[in-house]
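Shared between the two complexes below is subunit A, which has subunit B as its partner in the first and subunit C in the second.
Let's turn to the complex of A and B:
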């Protein structure tokens, strides 16, 4: 258990370091930030002063180290536009993304896991066919188009929900459904195939042979063993979800960090972009680690691996 | 018993029909991508102030706009036809690049084993531990979009499965006796990998490439949607959707049809991929 934890920590550190390095290199080679911050008519002296302030006159390795040192204490500088600290901007947007991701993940699990289990239990039955068809179709639809269609039908057409924005619970429903549809296919398919692997095992037969009711066999023996790969996928799926949230939040003008990333990129507000990437990397590392531990709690067999 | 057989046969027939439709759709879209906008009913770049935001079926000066017109009076159907090329070209190139690099790296790692494999798995783990689409918009957004950059970034998002499959299969193949025989006959590494390993892993790589193509098309349209796609003369499908977003209250056809084109293309590719997988690996049939 401790070795797993250590290995994950080293991996996590490397992930965060890579994310920081990639954004640093990209931003440094994308041109002179003073041309973005200062108005066009600014004099060369004004630019020079700003460069001095931002530490752009130092050597690249020195800049890199300063950047890493600041990042380690959560200091990503200030936004080019409203000079608010990057960290506070990110923290202000973070809850919205967490709410959206949580709601859609819960929604996806609510449908995908029972349907995946039933599809495996009644293999080639109606539910199985349905899951297969929905999985293939769902995986072929770009998430932002699903969002646009939902707006078109439920917000513009039927006038049931607001078209976009953040705030009330009503604003959450359509983006949450969009993201849930986005993760449903892989979740349902993996549940199904993972259950199919467990069902023919001899311990399942043993459970049946000793007279355990079928619902209990499925609910306890099969589910508990079959859920392990699903949990592992769920961790990866959260990364997918954040990626998908970038587009979904843009479609619904949902004030989360995905939309923050896009608007900051569009107006070339690089400190904010760097901050978002770094915080997402850190958050994601913790999620992966939590999943690794959860998998071992569910299935004691894996604890010593 | 007979009922089960009958159901299996009807399922097979249905699958055949679906597969046939998928192949036809794919053939049409590939043909459109090759001919460019030559097959478009109207000039996709032709704007018309009098025919702005007209609904499907509107008869304009240049003919009937079957799928309506956009905010500057361009024919939606013609724009969709013109959009087939960038969609397929960018994603096709990206998958080719990802497949080439992934297979190359994976085969070498699988052949050498040991540290090379550890390194490869570590690199892929680092990459998988980050939401890729966020990385993609960051790279393209900061550097500014161009065809080669978008192709490179999408390839970056697709190469990991290729490398992993290539490595794990190569590792199994090089254990076989016939590879040892080639060693004895002093076959070079290059020869072993190219003549003996590659043909064996190719079927799986092709299946993987099919699914990767679908993913790449969705990724490309997503980048276009946030304004980070390849620069083109007429808007790409993703760009059409983002332009149409401003007119959703009045003109539904702007957001429905271009998205449907993406959906149809990706669905056809995925259906073909499922079929290919069943052919190459009958064990997985129906999985």
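Let's turn to the complex of A and C:
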């Protein structure tokens, strides 16, 4: 267990370091920030002065080392535009993303896992057909379109929810449903196939031979053994969602990490882009590590390897 | 035990004591499993849930059927493990199946099966996955537990040695049909059905050193292509025209029991 933890930590550190490096290089390929910050008619001298202030005229290796050194102590600099510290910008946007990710995942799990289990138990039955159809439909609809569709029906047509924005719980409902529809297909189908793999095992028959009630056989024996791949997928989805669901956040003007990243990229706000990626990478690493531990708690065989 | 897949055809009658099992409601039938009838299957590893401790798998039988509290049930699990001859049972209860050896898994399965002291233990090839010394130990264990709990064992096996060791009565089956039934001593000493005889002859023997092992020619039929008439007829050395036309009725054996053969080998003296 401790070795697993150590290995995951080292791997995690490498992941974060590579993410920092790749973003550092890529943002510098995206162009000169001064051409956006300063008006078009600014002279070359004025641009040069600004570059000097932003530290952009130093050599790339020097910039890189300064950047890494500051990042190591959690300092990602200040935004080029409003001089707010990157960390505080990220922290302002993070709760919105977390709330959205949490709500949509909870919603998806609430429907996908029970339906996936029932689909497997009554294979080829009504629920199974229903899950298959919903999964294929859900997987074929891009989330920005689902978002627009939901706005059209529930916000514009029925006037039940606000069309966009962040703030009240009512604002949360449509984007959460959109993302849940995005996560549902893979989660339901994986649950179903994972259960189907466990159902014919002899220990399931042995549980019935012990006279265990069927609900207990499914709920304890089958579900627990079939949970490992589902947990791994969930970890991946959490990782994706804390990185911000860019399309959904944009459609609903949701003030989350994804939208922050997109706006900052468009404005060539290097420190913000780098900071967002760094925080998301760290978050991703922690979620993966938590999943590795959770999987070992569920499956003791992996624990002793 | 009601574990057959949906749509399976079940013919005949199953009596447990005086109760007709098939006439029972599904719920009552489920309660029967573990309480009055228990099963130990051939592959002990795959019959244990890999995600749960062995002790809990024993305790859960007591918890579900008898409503015993978890702590008490776990204490009973330790007793049952020690009864089946597992060393250091109080540590072993908290281990997972993959930490058990093949013989210990089989013992754990027996402990689960005995938890509620059933009347009947169905042992479906309990020793096939085990090596020879462990096999002998498990058979001895089953015999001693049978005495101790006063239960019956229904042993399903290919192993004639296990039959001789454990069984009182033997039913020889071929392709799902009963061929011969009787006391073990009488059937082994004077088999009247050609299949029983061929089966006994194909056993390795210590006194025929160096001789080739006798084998029954041909292969067992798949369930979809069982021969017309007597199922064993295509491989039988004694088969005549009548065997191809009709299934022989069961007739009394000379030493008790029944045999289903047109040419029951009464005059043969097998030694």
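Criterion: the second predicted complex is superposed on the first by the 271 of 305 C-alpha atoms of A that agree within 3 Å, B and C clash if a C-alpha of one lies under 4 Å from a C-alpha of the other, contacts with A are read in each partner's own complex, and residues count from 1 in each chain.
By our rule, a contact is a pair of C-beta atoms (placed from the backbone, for glycine too) under 8 Å apart; a residue touches a chain by one contact, two chains touch by 3 or more.
Nothing here was measured: the structure is a model prediction, and the numbers come from that model.
Following the overlay on subunit A, a side-by-side fit with no clash is recorded for the pair subunit B and subunit C. Once chain A of one complex is fitted onto chain A of the other, the partner contacts of A:100 are absent, as it touches neither subunit B nor subunit C. Legend: residue contacts after superposition of the two complexes on their common chain; A:210 is shown touching subunit C, with no touch to subunit B.
Look at A:250: by the touch rule set out above, it reaches subunit B but stays clear of subunit C.
Once the two complexes are overlaid on the shared chain, A:201 sits against subunit C while remaining clear of subunit B.
In the superposed pair of complexes, A:224 makes contact with subunit C only, with no contact to subunit B.
Look at A:151: by the touch rule set out above, it reaches subunit B but stays clear of subunit C.
Between subunit B and subunit C, B contacts the larger number of subunit A residues. With both structures placed on the common chain, the touch criterion links A:89 to neither subunit B nor subunit C. Closest contact between subunit B and subunit C, by C-alpha atoms in the overlaid model: 8 Å.
In the superposition on chain A, no subunit A position is in contact with subunit B in one complex as well as with subunit C in the other. Within the complex formed with subunit B, the subunit A residues making contact are 11-12, 14-15, 18-19, 22-23, 26-27, 30, 124, 129, 136-137, 139-145, 148-149, 151-152, 156, 163, 193, 196, 236, 239-244, 246-247, 250-251, 258, 261-262, 265-266, 268, 270, 273, 276-277, 280-281, 284-285, 288.
On subunit C, the positions that touch subunit A within their shared complex are 1-3, 30-35, 38-39, 41, 43, 46-52, 60-61, 64-65, 96, 98-99, 109, 112.
Taken together, the subunit A residues at the contact with subunit C in this complex read 201-203, 205-214, 216, 220-221, 224-225, 298-301, 304. The touching residues of subunit B, counted against subunit A in their complex, run 7-8, 11, 122, 125-126, 128-135, 137-139, 141-144, 214, 218, 221-222, 225-228, 238, 241, 244-245, 248-249, 252, 255-256, 259, 262-263, 266-267, 269-271, 274, 286-287.
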